[in-house]
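Structure in structure tokens, see below.
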Amino acid sequence: MIETHSSSLKTDQMFINLGPQHPSTHGVLRLGITLDGEVIVKAEPDVGYLHRGTEKLCEVRGYHHCVVVTDRWDYVSAMTNNLVFCLAAEKLMGLEIPARANYLRVAMCELNRIASHLLFFGTYGIDIGAFTPFLHAFREREMVLDLFEMVCGARMTYNYIRLGGVMADAPPGWADKTSEFLKYFKTKLREYDDLLSFNPIFLDRTKKVGIITAEQALDWGLSGPNLRGSGVSYDVRKTFPYSIYDKLDFKVCVGEAGSCWDRYYVRMREMAESVKIVEQCLAALPSGDIMAKGVAKIPTPLPGEAYAHVEGARGDLGIYLVSDGTSCPYRLHVRAPSYINLAILQEALVGLRVADMIAVLGSIDIVLGEVDR
Amino acid sequence: MAELATPPPPPTPAPAPAPKPPANVMPPEKAVPAGIRKVFAKHTEGTLLPNRLWPTDVWPNPWKSASYRRGALVLSALILAGTGAAFFLREIGVPLAALRETLHRFAEANLPQVPSWAAEAVWILAKALVVLHIILFNGLFLVWWERKISAHMQSRLGPIFTGKWHGVLQTAADGIKLLLKEDAAPKEKDSWLHSLAPALVFVPVLICFTPVPWGRDLEAANLDAGVLYIFAWAGLSVLGIVLAGWASANKYSLLGGLRSAAQFVSYELPRSFSLVPLIAIAGSLSLTKIAGYQEGYWFGFFPKWFLFYPVVGQISFVIFLIASVAETNRTPFDIAEAESELVGGFHTEYSGMKFSIFFLTEYAYVLLASCLLTTFFMGGGAAPLPFLSVLPSWFWFLGKTLFFMFCFLWFRWTFPRFKIDRLLDFNWKFLLPWSFVNIVLALPYIYLWKL
Amino acid sequence: MTEISVSGIVEIIKKRYPSITVAEPSLIKGVTSFKASSGTDYLGVIRAFKEDLGFEYLDFLTAVDWKGAVDARGYIMDPNPNPFLPEGAVEQSEVKANPNFQYRDHFEVVVVLSNWKEKLKAAVRIELTRGNPRLPSLYDLWKTADWQERETFDLLGIEFEGHPNLKKILTPDFIQGHPLRKDYVHVKDQYD
Amino acid sequence: MIGYFQTIYRGFADTFKGLAVTWRHLFKPSITVNYPLAKLKPYERFRGALLFDAVTCIGCNLCVKACPSDCIALENQKTPEGKKIAKVNWYSIDFGKCNFCRLCEEACPTKPKSVWHSLDYETVFYARNQMSRIWQQGNPWMGTYYDAGEKIYKTPEGDQIPIEEIPSRR
């Protein structure tokens, strides 16, 4: 905490807008920053620029149509949105998912987590000033998007995981193309560590900056890599396992000090864990059909409520689904991790310098589609 | 938006049903309306690539792809042609001196009414023009080279279309564009100072190039106080930067200007102190003497460059290199214009030709810093191995300068950016004390062992 | 702390707050839900969960409007319909209510807490009348409630007493009314 | 004291490791393709612009119900006395609202599908009302759009190369 020794010199505070259009706000977010000289005194994030009212939109759509809307929340890892909505709806309808569909779902979500963390790694490098990691990260991300295009035909809004299973089976060449990517990606992860993670200037910019203690993180309800960066080892895949995560073994990566670097490095190690998970999925991929029997064209579940949550790339993504027996969900609430993680900026930015603000905002890794829904 | 004229309901089906096209075949003609201006007239038929080449397919052995082999071939041809031309051109210094003699005799012989110093004035003017053109062409080449180097480091292609081969004319095209661009600047700017600032930044760099020894006796002027002269003039462009920041009446550029002034001044100190051991050992401030001092070889093959002096050479080389990168305002020290909240730094409000002058100055400083690095630490013009001195000295000077320019580009595309306070800490608490220690370490070289 | 299991929690809460009723067929599958009847009970139970029973993580806080089928006038009409459709053909599909589901003219605030050590989840629910839905804020228990309550206020219009700055967060300023209410009717603003 | 020199050494060592990474990539061939000259071919299941075949379509309205954003509209042909027959008079998709989710293709009962995703990722629209395309009997698979100015139906312009000619019709 840098105290500004306000001597007799009359200095008034300057209010600047880190406006909706800004290279490092990762989307339409306005930060109202009050500055006293170089030090931030008050930060007021203003969201809602991308609010499309998807929760009200889902109240007039059938369950199959809602899956298409879920792609538009966290558009960087859309597979996880599909998965969490389908888990909630299947819990409501009591559907049984065939084993092969489960393995395909987990493989897709982990590949999507790698693609999402690669985008974080690239844009965080640009926030701190290094341009090359961005292009290296996007070269690998293109390979993951190619894998998705092979399976479901889309590169961003997949609509692949459906109620009761998955849209289509993996084409024949897909499995070894994925293992080829995974083998190549392991060498690249070590290369990223050389290029950016342990670069002295990068360490100097992120090591002791934006410290968030464990109590602060719990108090603000952080989740995902932001929470694990502060030393709290909470991973939904381990604490409340869903789908087939209890059959897979992987490590939960935890940081120590809760600084920007710890949050960054937790995500880099998580990518290595995801590679291990996808390898296990490919090895144990059972044969069999990919869609549960008896999924109605227009499903009308019994009245009731269900809450399902998964470990998304940005944190603990949950769907609270209420059904009143009609063919459309009665109420759908999305527990958006980016929306909840973003609130801590009000406290985390106070006392920092202007240059650190960009580093802290980048390390929280928010996606505005999920913040505003 | 054009008022949407609601179309009439679609016509009822044509009475005679259209001939049934076979189910699976597209109708042959595909009406490609001429309305769309063909952007690339020659390349309408884009070739379809087989499904996506992944790095895992292309990189294991890149020699398979024809374009990679062609690129390597062209590159080696260029290098061989360069050395061949250098081999035949021999030392340019000698014929130039002869040319100067003939000029003098011609002036005395048949231009008696012209005063005696006129020939010398013409000769100096010619030298000045040559040095000016070296800087301008270097600007052209370096911008293109940086874009190609950064592209290939990031596994992409860089400019391809403008020039015949690999976008060679890209910088010329950018220059013409910047010439024709309108100079949009805020109304409240101090217009006179606003246009003076780019000149105040660019002119010192031109003047700094006089003592640079391009090869054996190829320097524009053999000044005895060359080093002092360069640092004196280089210090002036700080004025231009601060002036640019203040004159554009924009809060952010003022902040950017002051920040780069602080960085510029504070990195001037370690830059000059790291040269003190070299000057003491070489015994003179003139760049030609410093370069001359480093001719000759230890044990017959090891060049006597200042870089290879066991401890002192490496320390002062590293300090001088880091300080030069900071002087040129380039990553990892480019807090002046690239900091996210300073938007464009001191040249935010400049566009068109004024902006390109700032741009050119940055690349001129890169060239100046590389020339200084070659002269001080790599004995500009001295061949690395005895038998290699068959190639002329300006060729070696050019090669070493290109290597150092490559290092500047290399740093830019690898390192992230410093923060302003850490940047100044790094200078005052690390570089400067180490340059003092370096001077003390150099004492034995100066007095005891005359290497 | 005593070994906490689902039945363990129910006794402790029953003993301390008799007015709390446990919804027998737990409404949210796999999450035992406790129905509070008054604001103070609601705050007391959640504080008990946090301090005594080790539920130190607030998953989410939201509200449900149980009024009936959603009103079709709440949706914006399609600004540029398909020009080939005859006039007035595009009608917002009417959502019918489920006849044998007893809707009630109430809001219901749902708070889900989780205890990681025991891998337990608990939901606390409270019914609020439509007249003036007021509820004490959870801000001093968890700071994350700040934005979640602002969102619930913005979209459903539930007042949270003791909230530091309870104002709109997601919807633009010129939107009147609370969009997620079932009887929300969209007022034509300048952007339609 | 030793720690001080260790940090200096570590700093320089990591710097050189970073430089080595960029140096290695300098000599690797580039991955990108300069777009208008060489275009990437999408994979077989790619969901590009929608094509429609008026001949095989039986006008069953299944795709109209399956579309999440109601952007498909069609009108059945009628016999002279007004009874609907299993032929389509005109069929229109509003690409302004289509989100390429492939639900209509999955709902289509005909074999081979009469509405399907092509591999064309270069769909170009020059005005908002041109975004809805209409198919009538005898139109090409890409359909036509109604040009309000000249009051005629025109085939869509655009400098695309005919990817849609690679039939991905299943």
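A, B, C and D are the chain letters, set down in written order, and residue numbers restart from 1 in every chain.
Rule of thumb we're sticking to: a contact is a pair of C-beta atoms (placed from the backbone, for glycine too) under 8 Å apart; a residue touches a chain by one contact, two chains touch by 3 or more.
Just so you know, these numbers come straight off a predicted model, no measurement behind them.
Chains joined by the most contact pairs: B-D.
When chain centres are set by their Cα atoms, the one at the greatest distance from chain C is B.
Taking each chain's centre as the mean of its C-alpha atoms, chain B lies 44 Å from chain D. Centroid to centroid, with C-alpha atoms defining each point, chain A and chain D lie 27 Å apart.
The distance from the centre of chain A to the centre of chain C, each centre being the mean of the chain's C-alpha atoms, comes to 24 Å.
With centres set at the average Cα position, the gap from chain A to chain B is 41 Å.
Counting partners per residue, chain A has 132, 136, 139, 146, 195-196, 199 as the residues that reach two or more other chains.
Chain B has residues 4, 7, 10, 52, 55, 153-156, 413-415 in contact with two or more other chains. Residue positions 80, 83-84, 93 of chain C each touch two or more of the other chains.
For chain D in complex with chain A, the residues that touch the partner chain are 10-11, 14-15, 17-18, 20-22, 25, 31, 42-47, 66, 68, 99-103, 117.
Residues 78, 80, 82-85, 89-90, 93 of chain C are the ones touching chain D in the complex. Residues of chain D touching chain B in their complex: 15, 18-19, 21-23, 25-34, 36-41, 43, 53, 55-56, 75, 77, 89-90, 112, 127-129, 134, 136-138, 140-141, 146, 148, 151, 154-155, 157-159, 161-165, 167, 169. Remark: chain C residues 27-31, 56-60, 62, 64-65, 69-70, 72, 74-75, 92-93, 95-98, 100-101, 103, 110, 112, 114, 116, 119, 121, 123, 142-144, 146-148, 151, 155, 168-172, 179-180 touch chain A in the complex. Across the complex, chain C is touched by residues 47-48, 51, 53, 55-56, 59-60, 91-92, 218-221, 234, 239-240, 303-307, 309, 316, 318, 320, 322, 324-326, 328, 330-331, 333, 335, 339-340, 342-343, 347, 372-373 of chain A.
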